[in-house]
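Presented sequentially are two complexes of chain A, the first with chain B as partner and the second with chain C.
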Partner chain A sequence: MSESGINRRDFLKVLGLGGSSLALTGCGNTDIRSGDEVIMPNVQPEDFVVPGLSVYYASTCRQCGSACGVMGRVREGRVLKMEGNPASRISGGKICGLGQAAVQVQYNPDRLTQPMMKVGSSLQPISWDKAMALLDEKTGPKSGIKGEEFGFLTGAMSGHLNVLTQNYMESLDSRNHYVYEALSPAISLAANRRVYGVDQPRLHFDKAKLIVSFGADFLGTGASPVHFAAEYAKFRKAPRGTLVQIEPKMTMTGGNADRWIAIIPGTEGVFALGIANQLLKHSEFTGTVPADIVDLVSKYDADTVSRITGVRSELVGHVASLLWEKTPSLVISGASVEGHAHGVQNAVAVQLLNQILGNVGKTIDGQAQSPFPQLSPAAGSFSALKAMNEKMGADEFKAVFIHGANPVFTAPSFMGFRDNLRKVPFKVAFVNALDETAEECDLVLPIFTAVEEFGSNVAWYQPEGVEITIQQPLMNQLYPDTRSMGDIMLNLVKARKADEYKAWPDFFSYLKTAIINIKPVVKYTDTDEHFWYDTLSNGVIHVDGAPQQVSAKFAATDLRLPASANAQDPVYPFYLVPSERHYFRDGRHANCGWLQESPDPMTTIVWDSWAEIHPKTAASMGIKEGDWLEIASQNGMLKVKAYVFPGIHPDAISIPLGQGHESLGRYAKGVGVNPFRILNPVFEKDTGELALYGTRVSVRKTGNSEIVVKDEGPVNTQMGRKLVVTLPADVAQLSKEI
Partner chain B sequence: MSITNLLNNWSFYRQKRPFRGQYDLNKQYSEYKWAMALDLDICTGCNACTTACYAENNLPVVGKERYQHGYAMHWIRIERYWDENMGEFPESGTSFLPMMCQQCEEAPCETVCPVGATNHTNDGLNSQNYHRCIGSRYCSVNCPYKVRYFNFWNYPSTAWPSPLQDQLNPDLTVRTKGVMEKCTFCVQRLNEAKSRARTEYRLVKDGEVVPACVQACPTNAITFGNIVDPKSKVAKMWKNQQVDLYKDEQEKDSSMRGYRILEDLRPFPSVMYMERVRDMEA
Partner chain C sequence: MIHRLLAAMFFVFAFSGMANAEPFKWGGPIGSQTSDGYNALGPVVQQPIEFPHYRHARDMGINCMYCHTGARRGYVSVIPRIDKCIGCHQSIESVRNKPRIKKLFWYWDHKEPIPWKKVNDLPDYVRFNHERHIQRFYFRQNRPVREVCGYCHGDVANMTVDRRVKALSMGWCISCHEKDHRENDVSMKTSHGPYECWQCHK
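Entry: the complex of A and B
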């Protein structure tokens, strides 16, 4: 405090330099060694900063689409760690490893720190002023660009940023907003709509005594893994539920199953109909499905099913009897069921079991209807990318924007996406780091990471009611030359609809107004300001909505599965299973050291790609762990090391997705291979989605071999030691436990 | 330890450990004994705990080549085992085992340290004094769980390229070349909680503090607490599972799932695991 009664902080505030103004220099503190002026934040701490004490701020995790509520541990103005937010019904105060790695995205050494412009064939730094002028020149109101000449590709998005994006597209009179996710739930949503009339029913794991999962890796990937893990924990408490997993390659969820069944990829629907056939023989299930379906299903006797699926015939009756004994049950399907030309049929066949068993209404019911449909997520799809790719190929675009997706990396090579993108005269990427797509763009704009940004999010799987998770910055922007995507979008909209948006100088004020407008819906009675700050500190708004009514209906036409699902292919004898790693997903976070060094749960391999091959197949081909293999499809070849893995069907080869980057940064570039590249143009016939599991490959030994870097030791069993002891469920007395 | 302390508490220090009553609120030796219970039936092997540990404890990312040579610094790791009598397929899934320092009461690592860098704290932790450690690595050799990690390299100079160092947790050090390190049950969190409780003239409440792995675990498979406090959840679980901290061979009902790994080596671990359950009829 100086004699005049004004302390330094107030002085800075008068100057309009409060907030992040600690970087001001010239106050006389100089470094003894270098003579540089240094900042002494501990002497004059910022508001809300107590030196040495951590403060936790609520926000939303944006590492995947689950929109978990999280808390960021902030100390001295830096975010140090992510934790779950207990107020969030989605996360329940928990967090996965992918979510933890948000801080490594924030402090990533390979972040893009300034705008770049393509000069010749390389990207050169330019100023924001020049970048925005260029953006305005090419896409602004004076550019004369028409709606049909402009395309905007984004990842799945929700909340107010999505609203702004929609409004921007409207202001341009453009219908070319392409929402693309390489690993999209589109086929699953289509099957759900067909059966239940809703995109996504609510699943009650905790009420089920038996879960039969056809390839749904709900613990690792999928709609909401942290939430489903908590539900799974309830399901495993007394009375302990049983988990049966049927899939071509053992996922992490499969590793936790009481019974794991290997199946030929694409024949899951046949197995489900085989079970249905057995069940419908019980008198108690007669009348649960129409007669034509009973007739259709009756063709699937155990021997036929066994022949098609490659599963031992007695297991059909076995799973059927488990389902008959343990009610209520829950039957779900996942990516390996849906990623085929007949994906919707496959998934519908799986859902048929729920109808026969009377699970609909017991373990499956409707999610709450959101009173704010505008905030609801736009689920991504592959067909969006396909549509955009075709238009680019036909030279229809003058400009495209890309945000939240890396299509050059995730598009299969048969699409020629990179070449088509190059045809567009003006391409803009909004990114945190230079990925493969940004490298191709003419203008690359560095935006805030999720922990620097304001926002609102709504997940597409809602456990209870509707949860709007609020995103608030956990720290000031790390680099002065990065900008908020929200601000950029708002300015873009303002350029065309100035009057409607003039009330808001920035995205923050826009979001604040929008959130305060939710107040009456949640019956909050205090002032607007209190509501805003309560909302920020809670991190979530819970809105009750009437649950959607869910009833199932089935048509026999949706259950006609192709007889040739397991046809032999002499040139490409193996089924390719491009598996989704739970911390890599489509590969957008591959440049995090923590994730690269986090062992894959099933193989314990780190920092690499690998090809899983069954011991029987490996023995017949003379393949050992570490042998370099050439895995070839009609559309390309990958060189990858073999990992002999018992949890895979002998006719399948599994390579994990997410690696094989040519760009993105030091931890990702040149690590492993990218199976997206060699996928064949097989499409789900009802939705037009890429059939991710529809590619056949050949395997050839190269003769070279190299050590596989993994956590697992030379011995992969317990060698009789009592390390993990297994107790039979009928001996355990979980109800007596605390 | 001062010689006065040693002489004043001769009977306490002369006893072979652990001795019954060593951790007892009534006897005032120690108010805290940190312990865990880990349910292997709901552990899904997801590695949320291991990543949380990297974030909390400033663990370096060592890279592929060093990982290959066994230099990984993961204080907690998930081991994965296949069943020995597996047929063509692992039909009953796999077994995941989160393995971290078991904070043994009679820790094999402590007795072999030539400089006393690793020793037992009053609240039952097996501590590592980085300043005293000379890097003999005897402790690591003697550890039956292989959960001690040695800094063969100068990670502070390579593992956090700028600005990754801004993420580092200021509550604990970044270890340099030549010292051994290991899971501490997030001792920086425990100390903060203990100190806060002390200023309020109370003991740390159950659930007030948990290590990073416990906090992250999406299935709540790990329970952590003060086993001295009979009302704590972890103490109730140990009692319920009939696992006795002071015994090297438990006498329990076969239906109860509690056990400690490699108990017969007599290290008296502070982590109770609960057996994986499988529905054999499935």
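Entry: the complex of A and C
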């Protein structure tokens, strides 16, 4: 009892009463005040709009090139949520996180809402009338611009917008349509064409008992991650398939693998040939490849392979015996295999295993031939950007248009792209938000987002037949001063070919006519109008077709790999692995708060960039997590925090792509670093593509340190408690298992 | 209890009808309405148009759901779209020049939504489902619409601009959910409303 007469127990009682009365107040009357909020009823909504009730509309996701069919949940004329469209063979009714974030692109506070024109050194708002008059003055029929003086840079595009773009270029008599993707599949397509004669064979993950993936992050960033994830789920059902991943830095797919093997970047082809050498010793594989290849492969004994690749020699035989044992299998290659000077050779060496194992025709076959080749996607490449950059540097262009790409951000600094772009007298960007490239342009036109626009899309990876995914607006335009890219393109074509296009007042009517023309091919028997509305409500048109027969063809010359891929470099001892994050891709999605907040699947880091470094390397250099490092190549330096990560080769440093924006919006600007900047001019020698993984870097500790913001708990220490007893992989002798 | 409530409501109807055509126009001081035990009378809300509910619901005998079309279909009862108002009023010449109707046509001509103020508001963490209540009490129990809507909204049919007359608090909701209500008009079987938190707090 205290002097005041209240003891601790009484005090707690009083406090308890006070607390509960407060709680009761919380459950009772609320702070809602009548008349404080406003309800705005629709003036004249569509008949089917019932406030409070959601309606689902089919459309196409445009967040990446997979062209998944999606459904948008719409309430009171606003799109609120994206789901997969079960009618789509690509998405199978599923959707990924990147697709979900399409609504945040739509409601992004940094969207450009009116046309802008460069006045002096800054962009100033102007009206659409003035903008279109300027566009006409500089590039219209009366401008006198010649085809070779005009360039159009776009991202990968397909469907009818692509057709219109081609027609526009034709009307200008210009062959300067540059299709550019910073993370393009061009090297992979080239290797496929060389081996199979087609751009992209179809991969049957579900039919394989074993998948050996050389750096293919098919669950995160591959050609069609949502589809591949569904196929992968079937592959993992009983009898459970086995996944082996061989790559320099663990990707999300690598994190799912039963056996993950770290390899020196660029030596994956050597490892594949080492496995081929082991396999060809088995009598059942005799005669699967020509004698000169057998001869070439025989030089790759396990010790040689181990010396070049940095992988323990017994693992060569181990993976070979797994492949021998589990059939059919599927061997695939990905970006970290292809992004080298000898990228095509590396990828061809990986495909050689499929030929030896007899997978071609079992787990690999062709895609169906599209009856509408004009709708097929124009795949992007780096060489397109290079060609455009050279022409801009030589002052050959009077005007350029840029749509669907941000080359000022993604072009490596050695190209001097920004300076060359500044040389062009008239530059126009068609964008949703002001990015680094738009900031450099003379005229910036705000266009509809994917959920406001009509369109059609054809993905370059088709699981079955050919799927044309229809994009219909999920809501009306949010800002009155934005316009449809389709309408703009149609008007541009009309300015030059008025007679041919006079039947169509807008892109919608053009698309509708074009889609109705597909009706006979899909053997639809009802009226045109019914076909159109059925197509809109289904969201997809399926054109069935038998898969093309593919057979593999190999030449020994395509398998000549450099013997010194792992040459030591005393100044730049580390291999830079610029990893693609499945949420950011080439950086175009960085201004999305949801995606910034989504933890990286491997490191769980949010809102930042980091440099992954192996614990042994970190220990030898005295580096701890959070230490600021200077990662320098011949072409630049990045200051970035260290993240000590066991899932990386000790000679490699990995920095994720997509961050380091100087523009784009409040969530992207000033966050992290941009590894594109420091890439070296190393090119794939057959295709001329940028070798993304061919840059060597040095690492220097600055002495400063800062906390790394991440979701991950102390995984390695378990806070001193033995929650989960673990053993290192070599002690556990996993080789006996997987 | 329901009879007593009805009797009280009848009294209010009768009394207010005699005293004033727009009985709730001024209202009493906030908290003066105590007949159900919840001091609940809300403030007088200034609306962009003084909408005469009494003219439509009482004098014309229009069912509440003719305009509030969402009440039987979804969570929200729906403030009517403007073309709904115009649909009738373009044919009613007699009131065409009244100030309120002129204002209505101004919004219609300018294609602007009318910024109505919320009178019966709930916190964002409460999801009241109109459909469940209307389906049960109006359609299945076959009760008069003014009684069913009136459980929560009071005698709107005798008001000009709507005014909150019930507490719309959790305790007030529970006080009704505790009672046994007949499941429909032919059976004597009764059940009370749900108590689960998630029914309202989604």
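Heads up, the rule we're going with is that the second predicted complex is superposed on the first by the 669 of 738 C-alpha atoms of A that agree within 3 Å, B and C clash if a C-alpha of one lies under 4 Å from a C-alpha of the other, contacts with A are read in each partner's own complex, and residues count from 1 in each chain.
Heads up, the rule we're going with is that a residue touches a chain if its C-beta (ideal position, glycine included) is under 8 Å from a C-beta of that chain, and two chains touch if they have at least 3 such contacts.
Keep in mind that this is a model prediction, so the values were computed, not measured.
When the two complexes are overlaid on their common chain A, residue A:50 makes contact with chain C while staying clear of chain B. By the touch criterion defined above, A:86 reaches neither chain B nor chain C.
Judged by the number of chain A residues each one touches, B leads among chain B and chain C. In the superposition on chain A, contact is made by A:250 with chain B only, not with chain C. Touch criterion not met for A:140: it reaches neither chain B nor chain C. In the superposition on chain A, A:361 contacts neither chain B nor chain C.
Applying the stated contact rule after C-alpha superposition, one finds that A:96 touches chain B and leaves chain C untouched. Chain C meets chain A in the complex at residues 42-43, 45-46, 69-70, 73-76, 78-83, 107-108, 111-123, 163-164, 167, 169-171.
By the touch criterion given at the top, residues 75-76, 78-84, 94-97, 100-101, 103-104, 106-109, 219-220, 225-226, 229-230, 232-233, 236-237, 240, 242-245, 250, 252-262, 322, 478, 582-583, 593-599, 601-602, 604, 606-608, 616, 646-647, 666-667, 671, 707, 709, 711-712, 716-734, 736-738 of chain A touch chain B in their complex. The touching residues of chain A, counted against chain C in their complex, run 27-45, 50-53. Residues 40-42, 44-48, 50-52, 54-56, 61-64, 67-68, 72, 74, 77-84, 86, 88-97, 159, 161-170, 212, 215-221, 233, 236-237, 240-241, 254-257, 259, 261-262, 273, 275-282 of chain B are the ones touching chain A in the complex.
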